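Down below are the structures I want you to see.
Common to both upcoming complexes is chain A, partnered first by chain B, then by chain C.
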Partner chain A sequence: MKRNGTPSTNGKGVRLMMTLDGEKVAFTRGETIYEVAERHRKDIPTLCYDPRLEPFGGCRLCVVELEGARNPVASCTTEARPGMAVRTRTAALEVQRRILMEMVASENRDTDVDPMHGYASQEMAELLDRYDARTGRFEGARSGESRDDDDNPFIKRDYDNCISCYRCVRVCAEQEGDYAISIANRGFHTQITTEFGGLLKDSACTFCGQCIQTCPTGALGDLKALANRDVPGETKKTRTICPYCGVGCAVDVMTREEKIVGVLPAMDGPANEGSLCVKGQFAFDFVGHPERLSTPFLRDEKSGALRPASWDEALDFAAGKLRKVVKDHGRRAVYGIASGRAPHEAAYMMQRFIRAGLGTNHIDNCSRA
Partner chain B sequence: MSNPLADMDKPDVIFCIGTNMTECHPVAATRLKRALARGAKMIVADPRRIGLAEIADVHLPLRVGSDVSLLLAMAHVIAREGLVDEGFMARRTAHGEDFLKHVERYTPEWAAEICECSPEDIEKAALLYGGADRGAIYYTVGVTEHICGVDNVQSLCNLALLTGNLGREGTGVNPMRGQNNIQGAGDAGALPNNYPGFQTVTDPAHREKFHKAYGRKVDLEVGMTKVTALDLCGDGIHAMMINGENTLVTDPDRHHCEHALKSLDCLIVIDIFMTDTARVADVVLPATAWAETDGVCTNTERRVQRLRAAVPPPGDAKPDWWIVSRLAQRMGWKGFEFESAKEVFNELCSLSSTYAGLDWDRIDRGEYQWPVPEVGHPGTPRLHEERFENGRGIFKMLDYRDPEETLSEEYPVWLTTGRRLPQYHTRTQTGRAAGIDYLLSEETLEVHPDDIVRLGLEDGGWAEMSNPRGCLHVKVRATSKSPRGTVFASFAFEDVPVNVLTGGGYDPVTQTAALKACPVALKPVGPPPALAGVGPQSGLGRL
Partner chain C sequence: MPTATNDQLLERWKDEPAPLLPLLHALHARDGHLSEEALRAVAKGLRIPIADLFGTVTFYHHFSREPDGLDRPRVCDGPVCSMRGAEVLMASLRAAGHGPQPMPCPGRCDQPIPVIHRGTVLTGRTASTLVSGPSPLPPAPPDGVEECVFAGIRRPGRATLEGYRHHGGYDALEQAVTAMTPGEVIDVIDASGLAGRGGAGFPTGRKWRAVAEAAGEPKTIVCNADEGEPGCFKDRVLMDHDPHGTIEGMALAAYATGAARGFIYLRYEYPETFDILEGAIAEAEAAGLLGDGILGTDFSFRLMVRRGAGAYICGEETSLLNSLEGKHPFPRNRPPFPVTHGYENLPTVVNNVETLASAPPILVHGADWYRGLGLGDHAGTKVISLSGDIARPGNYEVPLGLPLRELLHDWAGGPPPGRTVQAVTMAGLSGGFLAGADLGVTLDEPSIRSKDSFLGAGGIMVFDDSRDMIGVTREAMEFFAEESCGKCFPCRIGTQRLVERLEGKGPGTVDAWVDEVIDLNEVMKKTSACGLGQAAPLLTQSLIRYFPDRIRKHVAQGGGGPAPATKGRRR
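And now, the complex of A and B:
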């Protein structure tokens, strides 16, 4: 887990210090070398790392040279210690990282994936470019079999593109507490799977989408967003809050032109810190639904049916009806019910209408039922 | 919530009651699961074996509506075992001595007769919560939607006061709000007893403040609750304006509600879809939806956050504040010349004591939790740290009361209602989101396998469920998630309108409907004719 990075002392008031690429830096007790280096923007490459999860040390890309150690160590699993001297980017390390990336690339059918797959889906492709590692040097066996038989409408399971970083397995266990995803076999036979190897629907999966968002290769993908991959235009992100329950999860709504094409969890959302549920992640497309009301309606006096009207007509009609009620029955005969689903401004204006307009307190919201 | 969401992974002992958090507040539940992974213990009091119960250390499957008895007995055990936080009680509370005396007679054996949990489990739960350094209580409408909803909440407060579990990290009495801005609607003053910022309408000083701001004197008399207003439709209330609520489907006793709305001279509905409620209106005004509207919402931990428009609305749809302010202008009222959501929110802040230190720009990053009494105040993630707002925490002497309707020979089964994870409320939104039906496409009544046999039902067959208010047909599913004698259905699907049956009483203080405990009769029936020989229906066409 991320520490706050406030330097701590050794208990005698002396700050804990280590050397990072020749520079003396302070650190907090319990911080890993990787976390200290990230604070100093060393940009150490990683594939199995997600700051919300316990360090795993699987991909070995984050190796650094530690003075006095015979071999490079994984910076994500090694705690910083006073007096340590660490080099994060040497020629030897870069060669080692490039070979690792060439091996990663050899495992996968696709090395370029559409960003609509998910939040972290470009991590592998970016590192392949950084290390110029699309050489095909280790072409050969691949691990992981795709689950084209899984007919769920949300989560693409294309394990041909899996590199066994286990981020999906770990996010499901550590972040969600659902333990729906597991690992079968080892080595080239490694397969990300669920209990009894069935469909996600028949597992403990809640379709929260966290596995999609942490996958660095596009092996897992957001099928709803991918369905919009051909919508033209640049993807724009707008920070807002999920419209469902009261937890208030922050999301980035992805739009192209004037269409919502998907939702990303906000990793820095104060209430959710990157988590979402199935509704927040996937249930966004009521917004552009063809059944949305797009014009006012009023009840035709003759036919008794609702018919479309202009705003002018509808507002005058409504005001006329309200005025008649006030005239016939007094100002206390009007009642307002505000929504727990609309923003503050809606509720505030409703109570202002009733109080400033009619001088009563006949206003409530939908929290009693 | 008294405490922030971030506190949810910090308690030693978690006490969840009447909250199906993994389905209704799934992201909050992930924090509890992380606390458990770190070794916290959890007590879950819920009639059903819900997801949280599966991972709890103690599950108390209490009979619906019996919460007060269980909580009194837990207080009894905590007092008897000397787990009381005497320092906290002396410093921060009032009537503690009376309360200790009051609970002497409420033994676990007494409670067990009422709440149908074993005395041993009640003891175990009380010892866990009472022994915690950091004990946190979480609840939802499973606690409040009873005739004794207020008593239930006060019973929980009694437990927290008794053990000093308030005002510290990882403690608190924490209601989980079920709608994205239900907290904000109250904050903004859409309550019959409070102006914005919970300033009581009966206080002449508050009236004076709003008179100055609005240019009109408002009655000193508390307004009606929605429940009373619906009762008086056509008989005192003759016009209603309803914003974003499918009242007909979500409220108890649908037939009563339908009759009420139809007897109005004027019903104005502001919504994003032609809901059942909109269909009976005189005027339907189209609102902008989520992701089309700039605005503000406040979450369950009192965090004030910005909503931002990402796409344009369809056709002529307008923001709710625009619609209501323009209608006010047509009424000939002055002071409604608002041009932006920002202007509206800033006026709210200027008049609210809890938002006084906030404005539109200051909440841009969502870092404030109210109260924020003045500019420069950092906000209040944790309530009651130094003191209670009203001085001391007051113990309430409560007794158990039966629900208004109890089981009889004619209606021998409890119906309790709630939500399910993939669908939200009456599906006006999730029912129109592609893919959600894959996870849940029809409603089923959850019945314990023994009850299936006892009532002559069939797993996968159909049942008629009825009481004096109404009758409906529903497909039956056998599951031991339901306890014996209690069945469960959600109110999501229009073809299983469980709220034709609910409505047996209200809390006398809040007038919250008793939606969680409703005696019904069940008998087997054949499949509905339209469905005979047809697979699962989606019901989408009839939303």
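And now, the complex of A and C:
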């Protein structure tokens, strides 16, 4: 991931300077015009841009006027150079951007999708509003063919709403290293595909959901979250850490009233920068699952059958057995394993209990993955 | 001969430079298509993700994924061939049970309609009269006109090493490697005013110097022989009849820049040319003119031919480089340019065939001689591929600055009897049309650019007054829509929308129709990522400029009503 640093010097102590909308600004060697402009809150529109990925230069919405250049240049792929004079929002550029948005809208079935589709799913709709581009101009054939036949439980592949920005393909390759999807055909007939046009489950896909979360139109959708689209209540987001393993991926858990309705990766999570795996992204419905145990059980010593018990009874039983093991075999005879599905607070208490309570370091977590 | 196995073919190619395309071609020829099993073997052997490889294979027009797909004849349906009855030929092949498929212009516009069948080019007008044969030589120029690249091409035996050397072939290379420094070679090319003859017109000497001065080894010379522009067939004739001219030009470029390896990236549609080039390279290697220790010096240069597989965009130099490297052939973002970040991200010269073939005569005769071949201030010559409604179609090497009308009427015999020239295309199709008073241009960039067009690679198609310019424009735009790579939005969507509007869909009033088309034109010209999307709208722009009455009629007749919300057209 590229980070915008403190503007640097040219090595001789002279700061690198360019002109941005008439104002002299400093920049760091290697920064693109887009990155410099974003630092100065120019709010240049983009659809194919994801700050975590290599700049692609496909949507052309980020074009800016560069003094001395015949045509506008894509700010996302053009590096800033000393002495450059750039204008980010001229009347001509805004007209070109509006026309580009009208063109994009014309190739899709829907211009508005439920936000539960994914993290970036509102990007196109927001730009259509910003450029007042829901005009119905440039009507014609639509691009992309949805894969309703792909019955995987996680990823909706609704390519009738695809605009061929290839963020999904690039995130799969550059962030995940899976290379599960690619681009078939060319021109207006480009189509996101797996190897030989098959289903995701037969491909190298790991169902991490990264493609969903970078899709700017909702052509890809989070099926687990979309299943909860009709749950009543305002969506509340709570920043937390995924409990499944030791990486520490930051997530925003979406809830409506008391129900978890979905998980969004935190793009600013220091450990994951927006990445998640299939478990952190999709495996949350055990929390409210009807088969989840809601009371302790004790096993009958004679029949071996489980019977519901009170918490006091169960805890007394467990404490008694643990004391006996320590007494008979020593404290190192006890080994604790915490569940990856338990909350962090419970995992913390577990290790305190084993270490401080029993005096052993024999403590681990099931998701040492 | 026993059929080679996947493993044997992988063994043959996996350690060669740029192995993907030749390996795919070998499998394609062996099986008649590219099977899933073969592609999985390639992915494993070359360590390419299988999804990527699958996507890349689908990018190329001529790789077939259907069993026996290679057996289906491909028939040119370009603008000139469709005027000459490509549909009739298709129907006749269909009737004969051949299952023909259309293909974009394969560069035979000076012959009857071309068909490619199992690696052979045939030409003719009906299924029963198709014949194969060498490409026609360029017609002789008028008396007193001196040529550069065509000067020796009509001599018998010119394509052989002996024939080439008999009239001074490889003298330039010998002179360079034994008596000149690389810098001196570049100085001569620079002083000659030679500029890129593939269309971009970048000064050749400056390009060579940039590569010579760039850091990074090994450096590479790439000859762009992916002559995909409809109506351009000049590079084919140069390579078919004078292959050593191009090879010597590449060796000179290699000596001048310090390059150790070179590729000729040849378009799929020139299978006979591939054999000719391979033969000529073998001859030159055997004679010590290529390979290690050229002409007894310590200069070494290894030259290889790689075939494309049917993709116009691969004539764009950065797409070409991605294609050579086995990547998805989208154009790269520039800067950086190939002179510093080319093949395998190392310094690379990418020059057109005609540019490279110009280098040896320039070195032998001198920079002043070459400059003097042009008229007025214009340096040198340009090969024009002329086709369509013209008495003598073919390749003409004209002095830059020659009036267009002089070429059409005096050199090439003018339009058919009783007809007048309604319009011509420039740069193949990329320059759009010139018509009316603008036919008074001279053949050089400043004159043609002043009419919002460009000379480019030098293809000119002639349309007489019997032709329907809406139909011609639609066919031309279908080509760009078919060949748009799909990377950037304005080109991918814009070419499709322009085709639909030329088909009679879109707004039903003239004002709204023109308004939409002008907006598409402007956005494509201004914001497209490469030359394809920037140039395609010159067709519709010039149509609006020269034929407004025809547009009014078109919209009144066919326009009106929204376009059906179906999937886009597929050839």
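Of note:
In this text, the second predicted complex is superposed on the first by the 289 of 369 C-alpha atoms of A that agree within 3 Å, B and C clash if a C-alpha of one lies under 4 Å from a C-alpha of the other, contacts with A are read in each partner's own complex, and residues count from 1 in each chain.
Rule of thumb we're sticking to: a contact is a pair of C-beta atoms (placed from the backbone, for glycine too) under 8 Å apart; a residue touches a chain by one contact, two chains touch by 3 or more.
Nothing here was measured: the structure is a model prediction, and the numbers come from that model.
When the two complexes are superposed, the chain touching more residues of chain A, out of chain B and chain C, is B.
Of the two partner chains placed around the shared chain by superposition, chain B is the only one that A:R292 touches, whereas chain C remains out of contact. Looking at the shared chain after the overlay, A:V253 reaches chain B, while chain C stays out of its contact range. Once the two complexes are overlaid on the shared chain, A:P82 sits clear of chain B and of chain C alike.
In the superposition on chain A, contact of A:E145 is made with chain C only, not with chain B.
Shared contact residues on chain A (touching chain B in one structure, chain C in the other): none found.
If you check the complex, the residues on chain A that touch chain B are 151-154, 174-178, 201, 206-208, 223-224, 236, 238-250, 253, 255, 258-260, 269-272, 275-280, 282-289, 291-299, 306, 310-311, 314-319, 321-326, 328-329, 332-357, 359-369. Chain contact summary for the complex, chain C toward chain A: residues 36, 49-52, 54-56, 58-59, 311, 313, 328, 333, 335, 481-497, 500, 505-506, 516, 519-520, 522-523, 525-529, 534, 562-570. Taken together, the chain A residues at the contact with chain C in this complex read 47, 55-61, 63, 71-72, 74, 77-79, 96, 99-100, 103-104, 106-107, 137-143, 145, 163-164, 173, 179-190, 193-197, 203-204.
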